[in-house]
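In the two complexes that follow, subunit A is the common piece, with subunit B as its partner first and subunit C second.
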Partner chain A sequence: MNAEQILFILFGAVSLIGAISVISFRHPIYSALSLIVTFFAQAGLFLLLGAHFVAAVQVIVYAGAIMVLFLFVIMLLNLGTLSAKGAMGGKLKGFAVILGILLAIEGIYIATNVLNNTAIASAQPATATPNTTTYEIGELLFSKYLLPFEVTSLILLAALIGVIVLVKRESESEN
Partner chain B sequence: MENLPLSVFILSSIGKILIIVHLLLIGVMAMIWSERRVSGWMQDRLGPNRVGFQGILQPVADGLKFLFKEDLIPNHVDKPLYVLAPAMLLVPALVTVAVVPFGSSITILGHEIPLQIADINIGILYVLAITSLGVYGVVLGAWASNNKYALLGGLRSSAQMISYELTLGLAIIGLLMLTSSLSLREIAKAQGAYPWHWNFLIHFPAFLAFTTAMFAETNRLPFDLAEAEQELVAGYHTEYSSMKFAMFFMAEYMNMIVGSAVTVTLFLGGWHFFGLETMGGPVWSGLISFGIFFVKTGIFLFVFIWVRWTLPRFRYDQLMNLGWKFLLPIALSSIVVTGTLWITTGSRLIVGIGNVVVALIVASIVAGLLAMKAPKPAMQDSDSRVTPTALDAIE
Partner chain C sequence: MELKYYLILSALLFTTGVIGVLVRRNAIIIFMCIELMLNAANLAFVAISRSLGEATGQVFVFFVMTVAAAEVAIGLAIIVSVFKHRETINVDEVNSLKG
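After this line comes the complex of A and B, so read on.
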């Protein structure tokens, strides 16, 4: 077992523990914090793959911005400890069970495929070229994936404008 | 760095880490002393001058006092987070410095050792990622204190950090486009020896936006709404005492030092100064370059203190207006202008002039729009009005 594998197991374990504590903590602040831990562990996994840029962006966007907004909202609404039933009452339980079973089947399918097909496992290190990732991502985004990239940015822009319109209307009616 | 033998690499890294961390801690003490003395000088009084020569040992005395005070944890706080929060503010401040190049390189025993703890190829992204985590210390400390003043401070701080982080990230994109590297060492190297080659002239509006956002990120006055004494007692650290309070305090100064060092690297030429850094052999040139970087950071830190004791605090809506309506458009326009002019002309001079002109146009358009939209009575008595506190703005 080399250092990389030890780190992989470490980050994987931290990420799993964090993910489990997100749903097992009763207090929303602690859940949000566990989610941040998970994001960090995932950034570590990206680093192990040689994807430095993705790791940094993961921390900047998710841990640095989105989770701060989560915390802001939790603090602003002053959410207390949630009861065992809470908002997710009995109605959604069946739905959650079905989704869980689907996810488990998918996981088992992928795991067996990876274990049987060693080609995937051995091909992984070759694709990771640590020193050029930012450059390569930029080049791919503006050549091969230009259309999806532009469409995504348009969707984000539309969402942004939608939010502004909604908020504007509310404040005008208040006045 | 890759061509160093492993043992040399590990030994030199440990040496650099020890030196830099201690310099940071001593720097914090020096900053506290100089802030008190400079503020005294600006207000025509003396400041602390009793302990040691010119009061230079005052921070040591303060530190000892904090250390020996009772470590009080109030009953009503959320204990785990209350204890964790100061560390969550201090650690990001400490680890950011790992990627800052504080000099060219020193040759010892035939090995060329770069004066930087880690030259990673996403250096500036690392800095942005880690600085964006600093807010957790403030927000969690505020929430865990279970105190309304602290909570208000934390809320303000989180909104402020998110708003100014955008500017912080966007302001450096023009610079990154011209340097075509994310590594801080490459960015510092790409700026020549002379001040007119440094990035702050080519990207002047972006430099101003970045510096302003840096002030906001470090929670310094004009932007210290998170602690605003007159309204919030002490803001997010109201419930903190003894060493935990000292950790918040140290983190603030450490953030300032690291922020200054990053700004010097990005915009003020790093360790370059009129070719002085290349003089005097492989060892001396490294030490001189380190000295130049040190002095530049020190000058920038003086600006931090100077601004604090010159400008009054912003009101909450003014803070948001400045961040979203002025700094963000200026930073965005600087990206467009830099990209277009660089491709069409390829001249740094034209890019520099174009940046300033467009920033002025953008700022005046925004100012005009704001003046048109603002209701007349609010404009007239905006100076005497004190009612719209942050509380109203948040609600």
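After this line comes the complex of A and C, so read on.
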């Protein structure tokens, strides 16, 4: 085994264990902290894939901004005592897990078999491609994908206005 | 590592998110599981982008991240205002958004 394989197994195992912890801890704070571990492990996987800029953005945006928002809301609502009872689903829980395992088997089947017949499988092997630089990503973002990039800014604007409207209506109804 | 193994890992992470959405009743944890699924898709995007030798997949990761950020901001605002009205965020009890 070379270093890349060992690192892949390490990061992959950490991200999977973190993901399973997210859905099995009863207290939302523990779930949020497990999710941060998963995000860091995935940033490591992005580094292994040569996507350095994506890895940095993953840590800054996901592990930084989004998770702080989650933790802030959990602490604001003080959910610990409230949600411990009945945190897990009721009668259909086992059924949901069985369906999930079936979905996992389908996903693994697609990843191993179906890809053999598509263009992705016949492409260059992963080791032949150099690391993607920030320059390349920026050039694509501002030339070929300029319109989607601008639409993205509209999504953010819409989200901003939506949140302001939600919070504002709340304070007006109380007065 | 081969592309295959990254896609298998991505499928497993996605499935974990799906099981979380189906099993958990806490709205905030359901949101976290949706983030997990979006991240699994990001992993598949980057792995395939690496395999094809172009940066397009990584550009799409940024779009996914933007949508995730917008979704979290609005979703958490809705959760906070639902909690103010009903004193719970258990999705079995909150079956109507009308306050």
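We adopt the following convention: the second predicted complex is superposed on the first by the 133 of 175 C-alpha atoms of A that agree within 3 Å, B and C clash if a C-alpha of one lies under 4 Å from a C-alpha of the other, contacts with A are read in each partner's own complex, and residues count from 1 in each chain.
One rule holds for everything that comes next: a contact is a pair of C-beta atoms (placed from the backbone, for glycine too) under 8 Å apart; a residue touches a chain by one contact, two chains touch by 3 or more.
A quick note: this is a predicted structure, and the numbers were derived from the prediction, not measured.
Set against each other, subunit B and subunit C differ in how many residues of subunit A they touch, and the higher count belongs to C. Look at A:Leu69: by the touch rule set out above, it reaches both subunit B and subunit C. Look at A:Ile155: by the touch rule set out above, it reaches subunit C but stays clear of subunit B.
In the superposition on chain A, A:Ser143 makes contact with neither subunit B nor subunit C.
Applying the stated contact rule after C-alpha superposition, one finds that A:Val163 touches subunit C and leaves subunit B untouched. Of the two partner chains, subunit B is the only one touched by A:Val59; subunit C is not.
When the two complexes are superposed on chain A, the residues of subunit A that touch both subunit B and subunit C are 53, 57, 65, 69, 76. Here subunit C touches subunit A in the complex through residues 1-20, 22-26, 28-29, 31-33, 35-36, 39, 42-43, 46-53, 55-56, 58-59, 61-63, 65-74, 76-81, 83-84, 88-90, 92, going by the rule given at the top.
Interface residues of subunit A, counted against subunit B in their complex, comprise 29, 33, 36, 52-53, 56-57, 59-60, 63-65, 68-69, 71-72, 75-76, 130-131, 134.
Taken together, the subunit B residues at the contact with subunit A in this complex read 78, 81, 120-122, 125-126, 128-130, 132-133, 135-136, 139-140, 142-143, 151, 154-155, 158-159, 161-162, 165, 169, 182, 394.
Every residue of subunit A that touches subunit C in the complex is listed here, in rising order: 4-5, 8, 12, 15-16, 19-20, 22-23, 28, 31-32, 35, 38-39, 42, 45-46, 48-51, 53-54, 57-58, 61-62, 65-66, 69-70, 73-74, 76-77, 79, 82-83, 86-90, 93, 96-97, 99-101, 103-104, 107-108, 110-112, 115, 120-121, 123-126, 128-129, 132, 136-137, 140-141, 145, 148, 152, 155-156, 158-160, 162-163, 166-167, 170.
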